[in-house]
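What follows is a single structure, written as structure tokens, with notes after it.
Chains here go by letter, A, B, C and D, matching the order in which they are written, and residues are numbered from 1 within each.
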Amino acid sequence: MSGGQMTSLADQLPALQVALPLAGAALCALIDRRYVCWAISTLVSFAMPVIAVSLLLQVLHGGPVSYAFGGWEPPYGIEYRIDVVNGFLLVLISVMGAIIMPYARASVAAEIPENKQAWFYCMYQLCLAGLLGMAITGDAFNAFVFMEVSSLSMYVLIAMGSDRRALVAAYQYLILGTIGATMYVIGVGLLFAMTGTLNFVDMAERIVAVEQTRSVMAALAFITVGMCLKLALFPLHVWLPNAYTGAPSVATAFIASTATKVAVYLLLRYYFSIYGAKFVFGDLPVTPILLVLSLAAMFAASTVAIFQDNVKRMLAYSSVAQIGYITLGIALATPIGLTGGIVHLFNHALMKGALFLALGCVALRIGNCRIDTMAGIGRRMPLTMGAFVVAGLSLIGVPGTVGFVSKWYLALASIENGWWWLAFLIVASSLLAVVYIGRVIEIAWFRAPTGATAEATEAPLSMLIPTWLLAAACIAFGLDAELTAGVAARAADALFAGLVQ
Amino acid sequence: MSEYLSEVVDHYNQWITIFLMVAGLYVVVARGNMVKKLVGLSIFQTSVYLLYISPGKILGGTPPILADDFAVYSNPLPHVLILTAIVVGVATLALGLGLVVRINEAYGTVEEDEIFDKGGSE
Amino acid sequence: MRLDVVLRVVTKLLLPFMVVFGFYVQFHGEISPGGGFQAGVIIGAAVILYAIMFGLDRAMRVLSVSVVEKMISLGVLLYLGTGFVGMLKGGEFLNYSVLEHDPIGGQHLGITLIELGVLVTVAGTMIAIFYAFAGRGR
Amino acid sequence: MVLLTMMAAVVIGVVRLRNLFAVVILSSIYSFLMASVLIVLDAVDVAMTEAAVGAGVSTVLMLAALYLTKSEEAAPRHTPLLPMFVAVVIGAALVYGTIDMPPFGSPDTPMNTHVGSGYLDRSIPETGVPNVVSSVLASYRGFDTLGETVVVFTAGIGVLLLLRRNRRGKTGE
């Protein structure tokens, strides 16, 4: 038991990362005044990246950071453990959470009934806290608890959408999300029965002795299926398009850029850190299964996206396809492939964030996101649609954008494995993105505005600036990939090295 | 034969657990009524409790409340985890029912098929 | 509303015992089974029983909607607050040993506080959800 | 063992019955049986909670929801072949996964010798709490319990948010 020596603020950062948004949420629920709650929420979400970045810097310079809750040493107490992988993820989640907040004020005011706005911010912070808690924890069961915090708040956020279909979407997600979480719990239960511990590091040490038992393999299967439900890997993605389409713009942008990423991270944690890459990809047929499903997602979901009339829905299908690229990186199971997957995780968050924020601006001015009403919108809202074009080009993977960087790494890894056909397929699937993004660009810029669109004016600055920040990041990290790819490469190395040194 | 029988006895509680799990999951996936789906979901979640608690039982042990009269106690850790899981389960159920009530108001039905007929999802 | 007199009288007699039992479960949880969550459920159930027997309006006059809603967040804040105090006293988040000079005494105080937080949140949530469902039906 | 068999029977009832009131009452009976099984397995705290939550709170909530919706389930339209298949595959995976689990009731499994038994030795000297479940819940894994409270909080605020009437009829309903 340690007590009385943790006096510096820097030591307390891991706990603050999650406890602050929780406190903010509780305060919002207590106060229930929308402007005060927006202010609290903004304050909290701006503090998050500061904490996350300083944690990542600590990790990059001094190795993994461990924080023992209640002063109980792991595995008896719950441990927060930050290494390069989840440090990077924390930065991603908290930055997205912060960028969206200034945007939220105008968008939420337009889309959510007045007396529900305060608690909307409460739910937003709970979701943020839940996702951060899942990412930062070093304890299998604690990850489940925070998964449920984030999921429950996400169901509510989705149900706040203005269309009644949002309710059905939230219900569907609740059912599938709970099945996914329960699968995860079953997997953890089997692992717990075989190793006697819940702490990731401890588990990784003790699993070696029982690695060949069927229970441990069944646990892997359950955790994989559970997480794939959460991360919406094709064909377990059915909840995602409805949920993204129905949710309010702010919620869609936040969920799309963060929620599935955290599920990917947990999967990585189990595959590489606990089971070990050699066992998962060497002894079991994980690579072919993931490879086939990823490719199916890339092609099937992109094809479906082409035929959507609602742009929000189109982008939701595109998300399913993009998740395919990330899991493809995992399936390649080489340092370069994994780097590509992790970089794409970050880059996809940037571009989808920008795209959904731009759509939120459109929804604010013309009330919906159907492609036929968006005719000519580019002439009325050039800045908004400009950001859309930039992020759309990134999605396609045009050189000089972030999309190119991640696809470059993935293609490189396929060639390294000697799989030329795979590199070809990666390029081919990008052509599908050209079709659906191109369709929106064509209609938005090259048609004459009609109806409500003719009167539409540019979105307010508070919404344009966050949108353009993300769009600009798509270019900046595309031209200079040193920072993101560098950290991602270190994360991939850390994953391959494993938890047990 | 008796070896086979002891195998059955050893795993009886696990198999019942699995049966409960599968039945719960079946109700969730197969049924269209949204309330019934939630009942199935909670059966599915509840069955997991046994998966955790049974391996923690020690024959001849007592509940993990320390006293001088006993020496062998069952494992307390799974109990703690399942307490949390129960709470999470009922929270999910409450939220699900709240959604069902709203869906019923919006569509006038809680049957998934009928909702899809009314354009529940595009 | 014509409710059975016997039921009403029994309910009235039962209620104090339910609440007392709730607090017994709360504070005796360190020795016997039980704790904040179970106590919260029992106390919440007592109020719900009252509401069913004597009508929603009377229950809401005793314990108004806004009070119940405040309870939900106050419980969480009490829990978090206990954690933050541990931090300020130089320990980790939720380290109760630093709350008092004697670690055992600190643990005792910390556990009591957080269990109280759980009780308040759980009871508040149960009653609030019941009010919301029952209010929706009218 | 008898209890477990009864539970299985109740669940079959849940699957087959179409009157939702009956289903809800059956699921409440199921929870009571579950609580009894948990007592047999020495999990008294869990049993108490399951009885209060499963048979109490859930049942009240379900009945309230049924009161607001319909109590009869429509006949299923399609034959449930795919769900059956999914369920059977998962069941098979679980049977496969549990067959080489350590035998029931043994004290020297990894689960019962590692962290779990450690708490039994540490609880009194470190926290002074004889109910080990309480000390683990509130102190050793106190952060999980915070998460649990937050889940309740989320569900509570979430349900209120869903059922709150809009003050300004611009959106929703």
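In this text, a residue touches a chain if its C-beta (ideal position, glycine included) is under 8 Å from a C-beta of that chain, and two chains touch if they have at least 3 such contacts.
This structure is a prediction, so every number in the text was calculated from the model and none was measured.
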(request) Out of every possible chain pairing, name the one holding the most C-beta contact pairs. (result) B-D
(request) Would you kindly tell me how far, in whole Å, the mean C-alpha position of chain B lies from that of chain A? (result) 28
(request) Let me have the rounded angstrom distance from the C-alpha centre of chain C over to the C-alpha centre of chain D, please. (result) 21
(request) Go ahead and note the Å separation of the Cα centroids belonging to chain A and chain C. (result) 36
(message) Roughly how far is chain B from chain D, centre to centre by C-alpha average, rounded to an integer in Å?
(response) 4
(message) Where in chain C do residues touch two or more of the other chains?
(response) 31-33, 37, 69, 72-73, 76, 80, 83, 93-94, 96, 103, 129, 132-133, 136
(request) Give me the residues of chain D that touch two or more other chains. (result) 44-45, 49, 53, 57, 61, 64-65, 68, 94, 98-99, 101-102, 109, 111-112, 115-116, 119, 126, 130-131, 133, 137, 139, 141-148, 150-160, 162-164, 173
(message) Give the residues of chain B touching no fewer than two other chains, as numbers and ranges.
(response) 21, 25, 55, 63, 65, 78, 81, 83-84, 87-88, 91-92, 94-95, 97-102, 106
(request) Determine the shape of the graph in which chains are vertices and touching pairs are edges (line, ring, star, complete, other). (result) complete
(message) For a test of understanding, state which residues of chain B touch chain D in their complex under the given definition.
(response) 10-16, 18-27, 29-33, 35-36, 38-40, 42-43, 46, 49-50, 53-59, 61-67, 72-84, 86-95, 97-102, 104-106, 109-111, 113-114
(message) Looking at the complex, which residues from chain A come into contact with chain C?
(response) 1-7, 12, 15, 19, 22-23, 26-27, 29-30, 32, 67-71
(message) Under the definition above, what is the set of chain C residues touching chain D in their complex?
(response) 29-35, 37-38, 41-42, 44-45, 48, 69, 72-73, 75-76, 79-80, 83, 93-94, 96, 103-104, 107-108, 110-111, 114-115, 117-118, 121-122, 124-126, 128-130, 132-137
(request) Write out the stretch or stretches of chain B touching chain C in their complex. (result) 63, 65, 83, 87, 94, 97-98, 101
(request) Flag every residue of chain A that touches chain D in the complex, lowest number first. (result) 1, 22, 25-26, 29, 69-70, 72, 75-78, 111-116, 119-120, 122-123, 126, 129, 133, 139, 141-142, 145-146, 148-149, 152-153, 155-156, 159-160, 162, 164, 186, 190, 192-198, 202, 206, 210, 213-215, 217-219, 221-222
